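Note that chain A is present in both complexes that follow, paired respectively with chain B and with chain C.
Let's look at the complex of A and B:
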């Protein structure tokens, strides 16, 4: 084997190695805790990569938001740019759903039992949803420009499968997180050693929402 | 503005609307009532302060239907029809007919709603359910029973709300302005039978019997037998303005001024103009998860003048009530205390409308399921009203009413 052939093989192997390294998903865990160290569920966590990763597909599923017991469920949602929201009214009354601020606007009446799918939301930003009939109803969706996102579970955790190397910024967002932009961030360089990240919130998050489901009488009108 | 043109116009629009979203909501309220020491009800021209006459009565109290069509998510046409049996006589007809445009809020949380047609001025905090029914008790308070009897706007409303949640604020504000016609006789029934407790909702075609008193043979001889509550006599517009402040869903405060701006001294076919103006206010306070207090206050004056500018009726009136309610599981208990007064300021003999009194209602509601409720209520009204002596009844009277009823909402 001549030197040229050896070098060609080596280059080939190196290419395969680096390709494998790039695509090898690395589990990465983020944990969100409150000032007392207790886990906080339903926090949006998303990771923005600083380098290009080929071959990662965008999410195209519809994000389901129900109108249930005169409230938006879930209260907090997260989706990737280009995804749509599917609203499903499981109440037997009509709701008039709107988003009136920002660039992802929509507005429609939804009768009991019916559903509506929005256009794909193309603008990464916070979407505040309301009902024009039941003013106390509110819900939020954060549109992110990254495929790496999730909401914390009861243990305050979100698990990601990230491409194994590179620099990332991790964000934690919640509509009731009272800091600039309702979010905190940390930039990390991901290598094989760092496998988790803890976010401690500067304050507790208020109870899930002010949406009220306690209605002993359900036939109130707009008089 | 002609009330029949509006209501039948909206009704025919509603019935001819194809491809739009239509909805029907309704209430059926059936009662058994027993009235003690009251005589003939005000509803049939007596002085009884309940809407049922003395004795045992079975009644279809309300069959109310609200029919709405949505032309778009913001444009709607609405017709509310009601049927009831009163003293064995059936009444059926339209109580409201209006078109409404309700914008979605702006980025700043400002929402505008415009309404046109026949509708209730926003005064009552009790009558907040389908077809203007009250969910809390079997009867409306004196204030709102009068609103249902004699007040209805034929006109325009514009209301502007500022929704706090757009600014992370717990405070909401609203300003509502009406201009209206067809309410020139408002005040007549309040003067002549005084404050009453019941479920009155006059229909737009309905005429109301007037009590017998001796001035009707003299100075008031030109007054028609029946008052037409929703008639235009002077072609002037009245106004109503009210403001609201609410904090979270716990507290709301309303203040309003109503003036029908009637030109005094006009009489057509026995219907006189009554210049009626009042202040009203309301507070609703949710003390805790299962306790709530509602209170309303009203104070004003109504004057009816002859074409020769003689004050035939000049009355000041006031009323306030406090309602406390508590609910748990399937149960709700409500207690309402009222105090009311009419002060007769004119010199006409044989038409003394002075009145003062108090009322108490205790109500129990049981929820059988989401749509069906059973209710029982005891009411007592103690009042001193001189005009009862014209019908050989005592001036001071304590009237009582026992009711059981069932309500079905659909």
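Let's look at the complex of A and C:
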């Protein structure tokens, strides 16, 4: 093979590579483990790119949070800025759902079987939810300003398809993660080689707070 | 201090009782003391423990109350929604809530721990509680002090004042978005309230090592917060107070406690009354018990005292009263026995008295009664006669008929005398002696009649006795006497006089007393006379009828009393025998005679000397030894001393007498029987006697010349002596005819007034010179 041929091939390969790095989506895996190395599920993981991101497509899907068995389900939610939360009361009793702290405030009563969709939540911050009727009910939603977010599965993993290599900060958040801001972060430079990130938590996450009344009672038929 | 010996039974019982009482009361007091001490301690610890419980409960309740209230308010949705938006709304809502519990402090705190709203109470000029908003500095102080961790209560110090603050988080779901807090002041009014509730004083203090800070106290008027009093309590140096510390929290890691304290005296004030009551009860029971003991001891001893009185009565001879004691069975029995004993004593005393004053045989009054009687009569100054009466031959009656009969005779005589009407009172002195007293001065007819009445025959066991009575009379008015006993003696002397002179009765005559006095004198002076050489020996020469020469002399003792002159031997020999002075007398005579023999030998006169010795001397071994010693000492030849003894000496104790006489004879003394023929010595005995000589009694010799029977007696005696190879001395030769008869009858020796009367030793030589019978001189 001649030099030109060889150079052409190299240039080709380089073009392909650069194309690949710039254009092709990169799979990226994060794993969250506890101090014992066991996978931790239901942890919110989100990635924030350091490069100016343009054209982040807005997400208009609604995050579904159910009220069933007098608890918020799921307990931990994550959604992109601008998304709304759709509350669906599957109980046969009324709930008075509120979030009074922060900027994404809402408050409404939801009879059994009814639904309520909030305004799009525009402030990327933690939204603590409660029920004014049932004090013990608690739920969290983290509003993030990035399309790359997810919750760990039972293996403690979240897979992302990141659009391009570059510098990212990866966050792990959980309302019960007792560190500042309830989150850990790591900044990574994403290239072809790095395909995964492991977060080891400094502590075990307590089981999701028991959203139940300690003195539960049964309704009589008269009610 | 010497221990006083307590002798009185009553005192002993009393003391015993009192000691017992004190011991019992002491023990009960002590146990009560212990019990009440325990009670006091229990009371004290109960009180303080109770106060501790109450305080703890109070604080626990406040804690619960405050935190529950804070928690409830934190759930206030309205408040929750305005918390981060509208501070004014928050303040108003906060004050509403604060008012509900009359809180002194209300706080709202944001998520970052900044106090965003603070309400505090204060007292205005009128002591009205007002509320105000906390200043920035105050908010910062609270912020600095407060610990935001979960709900509960804690203490904070603000403006030098303590608050108990209950906090609760405000939650948005599970997320804490702020805190609410309500607080109460921990101040003097709380201390007062607690003090009222617990009954003890309360102070709130914080400790930093040894330093105490007293924030408030219910007793701050008395003990200001800088008083060392609190320190003394906390460090346990004040024993007058009880205290406990209840931790109510901490500030800056230093404990803050409620100090509960109370004066023991205050707590025990009510118990103190009990002490007084106890003391009252004890002293009351003690007093009552002492009186009881006094009563008991008296009731025990009073019958004893009765008995003592009775004993004293009996001692004094007062038997009339009986003791009646009914206090107890034992003492009643004792008193009954005592009365029985008294009766027995009375009975026995009567018997003794009777026996003392009556003769046991005849039951007539005895000498004692007589003495009493005379004593009484002496006092009456009436004349009376004491008649001493006895019957003769009483000894013979006893010897021949026996003592039983003798006693019967005496009883018979006593009967006769007692039925006799001639005398006023009759007495029996014992044996055959009776005394009668007659109150008259014309006694002679009476005594004759009396004797005639008594002199009757009587029969005993078939023997007829004719009792003869002899009476001696002493007439009181005619008898000189120094005491009344002498009257009796005089009657006795008179009776002996009558007896001696064989009269039926004799009235006492003062001359009777002379003899008696003389005897008394001799009795008392004889010993002195022997010692003082008042005795002298006279010598009566003895004539040898064969050679018609004087060969010896009989030594005869005379007493030349310086007071009474020459006293004849008949008077005092008898007394010497009776008073046991014979040994001394004979020894004196013997010694004197032997030295006289030696004196005469030096003058060339050789005269054998005969000495009279009494039966007592013969039986006295020491006298024999004395005699032998003298012979040996003076180296006397044999046969120069002859000892004249009477037959009675041998009759009494022949064995010893013969033994002694044999010994003397073998030692060279000549033994001569004096007064031969007057005694009762048997011829058989005479044969056994180691004698060499018989001395025929003067009663056979004096009238020898004219009395034929005397001649026969002397002749037969001479015949007997010749046969027994004994020489014979005839004494009492008072005339020539007798001397001649004796010479013819071949009597060996003669002695008598015809030859010579007894001569003093210094006259012998002269007499011999003038005598036809003078022996040849050496």
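Definition applied: the second predicted complex is superposed on the first by the 188 of 223 C-alpha atoms of A that agree within 3 Å, B and C clash if a C-alpha of one lies under 4 Å from a C-alpha of the other, contacts with A are read in each partner's own complex, and residues count from 1 in each chain.
Note that in this section contacts are C-beta pairs under 8 Å (C-beta built on N, C-alpha and C of every residue); 3 or more make two chains touch, one makes a residue touch a chain.
If you're wondering where the values come from, they're calculated on a predicted model, not measured in any experiment.
Undergrad: In the overlay, answer first, second, both or neither for which of chain B and chain C A:98 touches.
TA: Once the two structures are laid over each other on A, A:98 reaches both partners.
Undergrad: Of the partners chain B and chain C, which touch A:62 in the superposed model: first, second, both, neither?
TA: neither
Undergrad: Would you sort A:126 into first (chain B), second (chain C), both or neither based on which partner it touches?
TA: Once the two structures are laid over each other on A, A:126 reaches chain C alone.
Undergrad: So, does A:107 touch the first partner chain B, the second partner chain C, both, or neither?
TA: Both partners, chain B and chain C.
Undergrad: Per the overlay, which chain contacts more chain A residues, chain B or chain C?
TA: More residues of chain A are touched by B.
Undergrad: Of the two partner chains, chain B (first) and chain C (second), which one does A:135 touch, if any: first, second, both, or neither?
TA: both
Undergrad: Quick check on my understanding: which residues of chain A belong to both its chain B contact set and its chain C contact set?
TA: Dual-contact residues (chain A): 98, 100-101, 107, 128, 130, 132, 135, 138.
Undergrad: Within their complex, state which residues of chain C touch chain A.
TA: Contacts found on chain C: 75, 77, 80-81, 83-84, 111, 171-175, 177.
Undergrad: Given the complex with chain C, which residues does chain A contribute to the contact?
TA: Residues 72, 98-101, 107, 126, 128-132, 135, 137-140, 175, 209 of chain A touch chain C in their complex.
Undergrad: Quick one: which bits of chain B touch chain A in the complex? Just the residue numbers, please.
TA: 21, 23, 25, 27, 66, 70, 73, 102, 104-107, 111, 120, 122, 124, 127-130, 132, 135, 163, 165-166, 172, 248-249, 289, 327, 332, 367, 370, 409
Undergrad: Which of the residues in chain A come into contact with chain B in the complex?
TA: For chain A paired with chain B, touching residues are 94, 96, 98, 100-101, 107-109, 111, 128, 130, 132, 135-136, 138, 210, 212, 214, 216-221, 223.
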